[in-house]
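Some structures are shown below for you to check.
Heads up, the next two complexes both have chain A, just with different partners, chain B and then chain C.
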Partner chain A sequence: MLKWFSVTPAQRPLPSVLMSALFVLTFCCVLSLLLGAGGLAPHASLLTLLGHGSADAEFTVFHLRLTRTLVGLFVGLTLGIAGALMQAVARNPLAEPGLLGVSAGSSFAVAMALVLGASTATLTVGIAQIGALIGCLCVIGTAKMQGQRNDPIRLVLAGAALSSLLLAMTSLILLFDQRAADEIRFWVTGSVAGRDTSTLISVLPSMLLALICILYTAKPLASLALGERVAIGLGHKPRRIRGIVIIAVALLVGAATAIAGPVAFIGLVVPFAARALVGPDIRRTLWLCLPLGPIIVITADIISRLVAQPAEMPLGVLTAIVGAPVLLFIVRSHRLPTL
Partner chain B sequence: MTASAFQHTHSSSYARLEAEQLTLKHGKTTIIERLNVTLPEGQVTAIVGPNGCGKSTLLNGLSRVHAPSSGVVLLNGKDIHSLPSKEVARRLALLPQDTLAPDGITIEELIRFGRHPHQSALKQWAMNDQDAIDYALKAADLIGLKDRLLDTLSGGQRQRAWIAMSIAQETPLLLLDEPTSALDLGHQIEVFELIRTLSKQGKTLAMVVHDLPSACRYSDHIIAMKSGEILTQGSPKDIMTKELVRELYGVDCDLIPDPMTGSPILINIQRVRG
Partner chain C sequence: MIPNRLFMPNATQETVPPNGYKLLTLGHKVRILIEKKAVVRNIWLVLILLLSCVMTLGIGTMMISPKEVIAVVFGHGSPMSQFIVQDLRLPRLLAAVFTGAAFSLAGCLMQTMARNRLATPGIIGIDNAAMAFAVSSVVGMGLSIAPSAMALAGAATATALAFGLAGGSGTRGYRFIVAGIGIGAIAGAVTQLLLSQVSIDVANSAYPWTVGSLSARDPFMVHILGAGVAVCLVACLVFASQFALLPFSDQVITGLGANIKYIRIIALVLCITLTGLAVSVAGPVGLVALVGPEIARVLARYRGIPLVSSALTGALVMVIADLVGRTILSPIELPVGIVTAVVGGPYLIWILIKRSSRSSL
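Our next item is the complex of A and B:
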């Protein structure tokens, strides 16, 4: 364990770092079942977990909190991976779905669907994913992510502008439709509470598709970090790789947004932490994002249940409070990490 | 059958790269128009010329990074853009100028990338991959440095590591875009000597070079370009004249043979006056 600190992140053995992260994740999941939501004391929750609880307690632990934990797990997983992919493809450590208008595109599509007669319950994940894809393409179009040395800040500025525009349009739509506005109000702040496991199951096919995209592109994507022409020289097709990765990002972010609403900064913080632990190779970063994303979201969710008791702070608010300083730190750091 | 004759008939080491009526454009600007060129097999070709003459563009065209507006680049007689990119990458390696070194990558990890064209989704890693990597480390004289981080090395060592990556690619052809331009004299020689060694082993190499004396010293064949056209080409001894230098760079000079190697040296260089 100590020798981890004497070597550079890229030299740390991935399996042991991964195992440690999984251990922490398990701990977070247990805590998430024991604390907050539903006003059940930790020791009573523990008894319930061990099979000695009342029917009420079982409902709280196994229905409310377990669902919530699963949703947190899923959202952390998808947004962490999406952030890492997006940063690799844009070669920009600030590229984050929440900041770049991908989540906003997703929200906008959801709002449109609500106005056109859908309800949050019947909301199809596909709509959110298409919205995410359109958001993605808009940012690429404006900032031209591809190319050699792009300016990381410029991309974020374009994303911020696009996000504001999409959010304004979403608000505008909702202004004219009271029913949709009521449905979307809680959703739009980003939350893992009160969600349904059926939505989780409905996104599984598209997650499988995203997984295939990632497996197919991980290696070429890593070569893209050596430079556009080097990747071509090695027989890869940068344009095709980017296209496939962007589809994967849209599938992941769309699914997460459909389930929990737009949660910003997870896609920024998770890959940032993953790189600090195992270095910049995208294949190693992606592996570590798997446990790290859920750890951060579930921890944030636990805190959001505790700080404002008995009320709860929406997850999106908390991730912004935690994530924005990280963004400022990266921007202010002497030298942006090269990806 | 001699060893070299055998290499020529062996399909993977057969490497003929030529351009026919090649036109390359940047946006609407034509850089190169209807150019015909063949890289002599088994030799080191240096592409020289003033800034903006299209030499890097030509190299990019030959390595299928820059798609032609018209004309074709033929790799062993087949249109390079009609071949699967991976198949091309098993015959032709490219070391561009704009390489990026990710933080925290080691020499061996970098060289490992050279094996990508030989791998697929189903065949992630083969035994001969490690052999090729070990060979590349040895050829580029980097064995003792294989676990060092790329960004802690000297410029010459770093460039040798990049070349080692293309050695691991096991291609009969290697194209290099200004492989020595950012290096000091000692490091330049390090890289040029590695290039000569690779040539001796039967590789066909082409490089864009800024420094004319180095081009003369380390190449077998020179392609002199100006304004997108080939002024002349041939062995350094045959083509290098005062008139050519004047035409290329607008400078007057005298040429004398290097007493040790016989390759032309430029002396008394001055700007053309009047």
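Our next item is the complex of A and C:
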């Protein structure tokens, strides 16, 4: 065990780290099923899990909390992976879908759809994904036009500007439509509560597509981390890789946003933690993002349920409170690490 | 050997101002160097501001002709238009003028101090923090201090944090600004958290603080803000010669014999006061602070720090933005914060895209 801590992150064996992360994730999931705001005590929930509960308890545990946990699992997974991909493609440790305006683009599209007559229950995930794609392209375009892809902080500024613009437009749209405003009010801060598992099933095809994109690009991305020229020399096409990755990010973030609303900072914290554990290689980081994202989202969700009983606080708020210090830490670190 | 007096001009000797400038001497210590062109420019700006004010007072659901407006302002006119202009539109107009001036002046100071166009109170999170503190007071989590006082405290806290977290790099570079973005994000989240904790009635009473809007403002606060803007403007003029040193490097400022810490603290205090007071009247409408000083700088042809012009252009931008928000989609009224965000957002992106060939400002 001591040896595990003394080696550099890049030398740690991936399976052992991954196994321990999976163990923690399982623990979090069980906790998420056991703890909650209602009157159900943890040991009663445990009995229910083992099959000896009342009908009420069964409803709470299997219907409410299980759905919630599954949604949290999915959102953490997608946002963590999207963050890692985005940071690899921008070669920027501060790139994060929420900060860069991808989530804002997505929520703008959702608000637009709501005003045009959709409702949150029947909302198609595709709209959110198209919005996310447009948000992505805007940010990348801005960063490219200024010709300073290497300056990580400027990219964040462009994203912040774009986010504030899109948020203003979203609230502008919502002013016209009281019904849409009511539907979106809780959604806009990000939450995993009260969602339906059917949405989860409806996003599966696009997730499959994203998975194929990731499998195709993981290796080229690792060589892209060594620089554009190295990647070209190794026979990859950086432009095409970037395009595919951006599509994958849009698919992932759009799906997560459609289900849980814009949850910021997950994409920043998860890859940051993953890199600290297994080093900067994207192929290893992506593996570790799989359990880490859900761990963070589910933990945040448990806290958000417990802190403000019997009400609960929006998940997006909690992730911002956890994530912003990480942003500050990265910015403060003496030498900004370039990926 | 070079005569010593070339380098150390005698204090009692009469100082001749440079061409195009006039020296105002008040008492023994206070000397203000005034650019004649700037005076002309500011008079023009005041005239334009007055013109748009008259227009704003006249335009609305009920149209009143400019002639009538002027008559009403001087105490004549029909009771109906008197009620509309004096009781409904004038307080709002005053709020717009004062908040615009305050935000813009604060922005100009902060930009000069950080030597960065993006360093405006809205971007580095001062607005959001002031808002969070004010909301905490409204929903009863504070120490039962008035929301406005809490807004000031919030502004001060956020500034201190941004400076502290920027670390050794000081206010230069983008690190300072991204630290500010982080602080703004936390403050925004805290505001949401507070609002989600309380009953819907309390949340509604705190809501006006969270959107930038000029409707239904406390008239008392508007008066305080007006007084604050006036005092800060005078202070800016008094310290103008010191602030003029801020664009130079620290070594140069020290070499010129000025106390850089002292100048910075004065500028910061002014900045915090203005932002805190303005947020307590209009909520976070910080993007004015980005646009106002920029127009003033273009008008001044990038010479010197256009403090007074910034205040005037900020007021002008705010008045026009509020007019647009009130009329463009009437009967729906757009909060002025949304108008400024829709205008200011693209402008911000344009700043980032454009490679500045001039200085960093």
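Quick note on the criterion: the second predicted complex is superposed on the first by the 332 of 339 C-alpha atoms of A that agree within 3 Å, B and C clash if a C-alpha of one lies under 4 Å from a C-alpha of the other, contacts with A are read in each partner's own complex, and residues count from 1 in each chain.
Here is the rule we go by: a residue touches a chain if its C-beta (ideal position, glycine included) is under 8 Å from a C-beta of that chain, and two chains touch if they have at least 3 such contacts.
Note that the coordinates shown come from a computational prediction; the quantities given were computed from them, not determined experimentally.
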| item | value |
| --- | --- |
| Three-chain arrangement built on chain A, chain B and chain C clash or fit | fit |
| Partner chain(s) touched by A:316 [first = chain B, second = chain C, both, neither] | second |
| First (chain B), second (chain C), both or neither touched by A:9 | first |
| Chain B versus chain C as contact partner of A:331, first or second or both or neither | second |
| Partner chain in contact with A:164 - chain B first, chain C second, else both or neither | second |
| Vertex chain A; arms to chain B and chain C (CA centroids, nearest 10 degrees) | 90 |
| First, second, both or neither for A:198, with chain B first and chain C second | neither |
| Which partner, chain B or chain C, touches more chain A residues | C |
| After fitting on chain A: smallest Cα gap, chain B-chain C, Å | 17 |
| Chain A partner contacts - residues on chain C that touch it in the complex | 118, 123, 165-167, 173-175, 177-179, 181-183, 185-186, 188-190, 192-193, 196-197, 211, 287, 332, 334, 337-338, 341-342, 345-346, 348-349, 352-355 |
| Contacting residues of chain A [partner chain C, same complex] | 94, 99, 142, 145-147, 151, 153-154, 156-158, 160-162, 164-165, 167-169, 171-172, 175-176, 189, 264-265, 308, 311, 313-314, 316-318, 320-321, 323-325, 327-328, 331-332, 334 |
| Residue ranges of chain B in contact with chain A within the complex | 60, 63-65, 84-90, 92-96, 98-106, 109-110, 113-114, 116-117, 119, 121, 149, 166, 169 |
| Residue numbers on chain A that touch chain B, as the complex places them | 8-11, 148, 215-216, 219-220, 222-223, 225-230, 232-237, 279-281, 337-339 |
